[in-house]
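Chain IDs A, B, C, D and E follow the sequence of writing; residue 1 opens each chain.
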Amino acid sequence: MIPMSHYLIVSSIMFFVGVYGFIARKNLLAVLISIELILNSVEINFSVFNRYLYPDHLEGMFFSLFGIAISAAETAVAIAIIINIYRVAGNIDVRHIDKLKH
Amino acid sequence: MEWLRFNDTLHIDLGILLDPLSVMMLTVVGVVALMVVVFSIGYMKGERGFGRYFGLLGLFVFSMLGLVVATNIFQMYIFWELVGASSYLLIGFYYTRPAAVKASQKAFIVTRFADLGFLIGILILSSYTGTFDFAALTADNAAIAVGPQANWAMALIFMGAAGKSAMFPLHIWLPDAMEGPTPVSALIHAATMVVAGVYLIARMFPVFQFAAPDVLVLITYVGAFTALFAAVIAITQTDIKRVLAFSTISQIAYMMVALGVADVAASTFHLFTHAFFKALLFLGAGAVIHAVHSNEMSRMGGLRKFMPITHITFLIACLSISGIPPFSGFFSKDEILVAAFHHNPVVFGVLLLVAGLTAFYMFRLYFRIFWGAHHYDRPPHEAPPIMTIPLIVLAVLTCVTGFVVPVHIDWAIASAGVVAAVIGIVVAWRFYAKPSDAPARLAARWAGFGQAASHRFYIDEAWLWVTRRIIFGGISRPVAWFDRHIVDGAMNAIGSGTVRVSETIEPVQGGKVQSYAILFVLSVLLITLLVFVLC
Amino acid sequence: MLTVLVLIPLLTMLALFISRDQRFVRTVVVAGFGALLVASVVVAVKFLVARALSTDAMLLAQDFVWYAPLNIHYAVGVDGISVLMILLSAVVALTGVFSAWSMERDFFVWYCLLAVGVFGYFISLDLFTMFLFYEVALIPMFLLIGVWGTGKKEYAAMKLTLMLMGGSALLLTGILGIYFTSGATSMNITHLVGTIPMAHQYWIFPLVFVGFGVLGALFPFHTWSPDGHAAAPTSVSMLHAGVLMKLGGYGCFRVAISLMPAAAHELSWIFLILTGISVVYGAYGAVVQTDLKYINAYSSVSHCGLVLFAILMLNTTAMTGAVMQMLSHGLMTALFFSLIGVFYSRTHTRDIRQMGGLMRVMPFASVCYVIAGFASLGLPGLSGFVAEMTIFVGSWEHTDLLRRILTIVATTSIVVTAVYILRTVGKILYGPVLDPGHLELSDARWYERVSAVVLIACIVLIGVWPSGVGHIISESLKNLNIF
Amino acid sequence: MIGTLIVFYILAAVIVVSSVLAVTSRRMLRAATFLLLVLISTAGLYLLLNYHFLAVVQLSVYAGGILILFIFAILLTSSRGDRTEAHDRQRMVWGIVTVVAGIGITTWVTLKHKFLYSDNPTIAGDQQIPVSRIGHALMGTDKYEYLLSFEALSILLLACMLGGILIARKR
Amino acid sequence: MDFSGFLMMPSELGLLAIFVFLLAFDILAAETRAMRWFRPVAIALMTVQMVWGFFPAPEGTAFGEMYVSSPLTSMMKSILNIGTLVVMLQAGEWLRRPENSIREGEFYVITLATLLGMYIMVSAGNFMMLYLGIEIASLPVACLAAYNKYKEHSAEAGAKYILMTALSSGIMMFGLSYLYGAMGTMYFSDMNAAVAAEPMTVLGFVFFFSGLGFKISLVPFHSWAPDVYQGAPTATTAYLSVVSKAAAVFALVLVLHHVFGALAVLWHWMLWGLSVLTIVVGNLFAIRQRDIKRFFAYSSISQAGYILLGVLHGSSAGLTATLYFVFVYLFSNLAAFGVIAAVENQSGRTDIASYKGLYKSNPRLALVMMLAVFSLAGIPPLGGFFSKFFIFAAAAQGGDYLFVLIALINTVVSLYYYLRIIRAMFIDAPGADAVSSFRTDPYNSVSLVLCTTGILVVGVVSWFYNFIAQATF
């Protein structure tokens, strides 16, 4: 018998660990990985709520499903852009993309 | 004719009021103005701005007549101001001369200052009587109660009169006003405009008498003091026009005293006679100046041979002003002395002294111009007829006007006055008719006093200090500084403060994505917390 | 009918867009503003005819629904006061054109826009359109000063615009407050009278009054004025000091006082003190200035302060005086600036210490300047006297000590005014010619003369026959029925 | 029942540890591997929740698709400097503050909230959802059916593909 | 199965058809002479779409309330159409440059795809649709931001945008999951019935709101905007600052009113604080900018604050005012960006200094810029004045005079920096490297004429306001 809150705590840890990664990592791809963690944690939330609280319909599950697809699209675009950065700037250090500030 | 309506009760009318007083003034103004205009044709010949001169003269006469016939106090104030302005323009006629410009400004500003009192006085008076009209104000049944308001109002109105009539301490503009062309001085600063103050008080006299007798006492003392004060200064002046100017101040003060001691008739009578002989004096002086091209006594002397007509007429005027019978001055002065005697012996004493002094300085003037040694490069010549005719006419008037009004002469007092005058004349004759060292010795003994008197007791300096130091240095400069640096500075500070804040927060937007992310996430959390806490 | 007054400058502006050469530009502008003057006179005549038949507060009124959901109408109408303001504006605008004879096309484009705003403002009855035109009148100022000005023009233009817009920020808040707290279903001034709850008047009145007061040079929000006037080109100074500053006084009266008389009664003492300070402070400030335009700007602070001062006295006499003072100051300050423009264009300085004896060199302009000076210091026979006296008599009608003292303080300004006017006249016109180069200078040209003569004629007209305007004003005030 | 519990805690532990490692590991490939572990464990959670279809999609899309993309990208962009990535201390502090605050708030909220069917996972359909139901829901046009979202998603994918090509292609 | 729901969405279908057609055109005609016709065709089709959008669309819901159509949504879509059309007109010249011509088609196609996403945002009846719409509207835009991919700035802008978008969409989705958890439904109508001020709902709402706030660039979710606006190609910046922002505002308005009406007390004060913050911070930053695109980023941030002011009170007047504001803002901002695009294409510069003396060299552009800037500053008789007035009127109607005063004082600050632009163009003397006189691209000219007309006419002619008013509620 697993309490629902345990799922939620796990997912929120995953979420904020992702946020931490976004904030602290240097490598753009590592930042992107952190975003994946964030999205993934949200999908867990949806599934859990759906299963535990509102099992009559499949809303949460479908949101998770679509969320997975969206995160895939997002990753694809992001990786394209990151590779483009690599091509233009020669590295993918997030700290180097700070030319726009004035 | 209603000119401007302020509210249901107060309105300015423009009208014509003819009564003995105004008719008398009209006569004076008309005659003197005519004489002056005629005289000026000769005097101003060939001057730059000949046309302008007569234009301004016309403006002045218009204003003066408007003043005289005013039916209400506000109309009088209107023309009062116009008179002041035309006086300003005429004094500043020689506008390229800095002294003339200064004098004109001084005249205008000093009288303006006095007029401020006049205006406030009018405001007080009108707000509490509900009318401007002289007829209503001076009517026997006028509901004017004695009270602080009335005292204030009338005192302030007297301040206006004192400004125009050059009473101490507002007299300072008049001597300087002599920078104007001499005929102008004759007209404005001797015969007509300067007596407007006297006229005003005469016009309002019932109000003074019933509502503010205290002010009359004030007028008496101010008048007496001014009379003495001006006479003393007149003794030491060397510029003939300034001597005349101080003499004018002194004589007007005489009239004021007469008003103060409640003898309107004497006052106006003296006004009437004074106008002619003083105009005559000025025009005579004008003729002299015209001849020798200088105002200084030291450049004159022995002119009686060169300018006989001027000499005679001038002498008549001097006798008249000194109060020697049968010239007009005798009668009018006597009236005043009598009134003063009955009112207050001290004042009478002062006036008697002034009468002596008057005779002394007038004859000092006379002797130094027409007698004594002379040394001219080119001999001066008599003025042309166009200038001498007015002199003659005025001299005749001076002789006869004393008899116009049948007066009862109190010979006791009259003889006292005459004796004082004769003493003055004799002393002057002793001192100045022939070369003598008496004046020098006297001057040495009274050095400090003489010095002070010749500097007009430093009143000018005091005023200058007030204007320069207080108005400019003490108020205007600080105000201007305050405006630029505090008020404007505050406005600018708001602007630059905003820019400063903008500079300070600039690093927040440093181009780092991760800083943005921190901001984003923490803000979201903070907002959530705030919403929890606040709602 | 009244809309014509807005359309004429608008069409002039459009015509300017297609005009190419200078001659054509001048023709268009003179024709346009001439037509405007004619139209204003026609409006005035029609108004007088209508006034004889009706005692409504506003005549020649027209009303079109504009934004129905917010009850915004395009509503126009005039009473005596606005008619006089319209006439004043038309005169000053036309003379301003003559004073700006050598300006290029673009200048006149903005100038026309300014006129659109001014006329629209004076004919508006609807708070919204009034505010709209108000701002339309303010904005062209930035370019007119910024592009064609002199000296610290950018700074001055920026400061002027921002301060005036700051005022209009307060104003708009106040206007919205008026509309929404009154519960009225109209923004028409005539319908809003007496509908604003007292509790709200307390905060709306200061907002509106200060909002308009900024333009009326209310102490301490007047500092845009010296810099702005000094930097502006001649005709802009004329129009700005002559007409635009009147927008402030007019607005204070039309909106702040007439819609919220109760709050005005309660709060007037604060603003009376401020305006009393303005009056004296401006005068003293002018005494030590050395730039002709600064002198005039401070003098405007003083004179316009007197306008607001009189308005706050809240009685018919003072109000009549206030309107007269607006007219008088408008004409006289326009005259001043036009003449300063004449001097400046010849001598290329406005520093009074560097000028002298100009009376000899430019007699016409100098005499006009003296006349303007006399008008300014309140010489009878010229408009200033009438206005000031009416104001003083009006304010003296109050018997409480504060107002009495303030009135006395205000009257002292006439002496100080005399001081600085005579000082200026003495320095620049009289005395010997300081700069030998100045001997060569020419007197005013014909277009400059036209401008001066017209203005002087108006000043003298009001000064000599004050009951003409006085009657119109006091009639209007009676019909408004607010005091 | 206790079995599921144990499995859950194992998965939870793996998820937490791997996520932390994924964002702290200095080497990108390792980070990617830990991400894979997280994703697989998440699939495990879905299985525990009886969302088999979701678990399969999770595995195939994430593990099979996205992660491969990541690995390609890492290999494409790897360089020497990448390996010795130093952490920015200030950033880390901020990050930790954020994390602690965030976890605190969310946990507090989840624990405080009174859920409708709190802690009652067995209600209604604690069983596998038939794929046909998912299919009908995906292609249906009624309420709780997702044809329109599906179409929208397809446009999203198409647009992202176009965009990706736009950016990534050589010219 | 019932596909009749598609009949409810003619504008989406039309747009989809254009999208598909242009995609096919782009693929088939790539690198042939037919590409010459691409721009005219795209613009013509978009014009048709725009006009088509004004015809009354069927009202009601479809796909089990997934999709909602009402006059209000049609109005919103029409506004978005106009914006997109103008952006497309302005983009042409830049896309024709040699380095871009090879990917000219993609720009239009992707733009249309994102527009479709915005349609979905506006017409969503379910949070899943809304979320999908937001993603469609933002992910491809990152590619547009990085469009000048060989320029470092553009690449950087793209990266920043995609990263921040991903973060914000993650946070938004997290919020949505909590909302779902609290209420058990994703449908607007059901949720509206279930919503209550519980911590979980509140947390979900705030997280969700931050996602929309990000798109509207509200402070403190704004920080991406200046960087991205500056780095992205001007056409993209214009699109982001106007169309994308407008769509997010519309979505926010609809969600707030249709879903979270019960939480009005809560979000009223939240929005109050945020919009004050947005206006003030936007203004303070804008004061010192040197790059005109970055400048307009801050300016549009502070404009966003004004937009929220209309949303704040939830009145119908406020809603109308918001829509109207956006409508006017669209013309004003796009006019400015049209000029920026023209100048940038000519000189390659975007610093404010390069605008010095523009009035001398290109008077028309300078005039358009002036109108745009004055309209943004709210100067009558331009549209911006009216829109600001209506916004303030809506706030005042709600009794919020304090806010009105704060906002108005901020308009004075904003006037200061807007006047800086005017000053540069009209007063300052042109520098040595000033922009020379040039002819503007005809398409761009059309867009500028359109925008100028909009600025001048929309305010003065009350028809527009009334038109919007009758569509709202």
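Throughout what follows, a contact is a pair of C-beta atoms (placed from the backbone, for glycine too) under 8 Å apart; a residue touches a chain by one contact, two chains touch by 3 or more.
In this text the structure is predicted, and so the values were computed from the model without any measurement.
Hopping across touching chains, the smallest step count from subunit A to subunit C is 2.
The set of chains in contact with subunit D as well as subunit E comprises A, B.
Taking the mean of C-alpha positions as each chain's centre, the chain lying farthest from the centre of subunit B is D. Among all pairs of chains, A-D has the largest number of C-beta pairs in contact. Chain nearest the geometric middle of the protein is C, using mean C-alpha positions.
Note: centroid distance subunit B to subunit C, computed from Cα atoms, is 36 Å. Here the CA centre of subunit C is 71 Å from the CA centre of subunit D.
Per-chain Cα centroids separate subunit B from subunit D by 102 Å. Computed from the mean C-alpha positions, the centre of subunit A lies at a distance of 7 Å from the centre of subunit D. The multi-chain contact residues of subunit E, meaning those touching 2 or more other chains, are 128, 132, 135, 139-140, 142-143, 146, 149, 158-160, 163, 167, 171, 178, 181, 184, 199, 203, 226-227, 416. Annotation for subunit A: residues touching 2 or more other chains are 8, 15, 18-19, 22-24, 31-32, 53, 59, 62, 66, 70, 73-74, 77, 80-82, 84, 94-95, 97, 99-101.
Taken residue by residue, subunit D touches two or more other chains at 91, 94-95, 98, 102, 105-106, 110, 115-116, 144, 146, 149, 153, 156, 160, 163-165, 167, whereas all remaining positions touch fewer.
Checking each pair of chains for touch leaves A-B, A-D, A-E, B-C, B-D, B-E, C-E, D-E. Within the complex formed with subunit B, the subunit E residues making contact are 159-160, 163-164, 167-168, 171, 197, 199, 202-203, 206-207, 210, 214, 220-221, 223-224, 226-227, 265-266, 269-270, 274, 281, 284-285, 287-288, 413, 416. Of all residues in subunit D, only 105-106, 108-110, 112-116, 139-149, 152-153, 155-156, 158-160, 162-167, 171 touch subunit E in the complex they form.
Considering their complex, residues 8, 15, 18-19, 22, 28, 31-32, 35, 38-39, 41-42, 45-46, 49-50, 53-54, 59-60, 62-63, 66-67, 70, 73-74, 77-78, 80-82, 84-85, 87-89, 94, 97, 99-102 of subunit A touch subunit E.
Residue ranges of subunit A in contact with subunit B, taken from their complex: 19, 22-24, 31, 94-95, 97-101. Considering their complex, residues 2-7, 10, 74, 77-79, 81-82, 85, 88, 92, 95-98, 100-102, 104-105, 108-109, 112-113, 116, 119-120, 123-124, 126-127, 467, 471-472, 475-477, 479-480, 483, 487-488, 490-492, 495 of subunit B touch subunit C.
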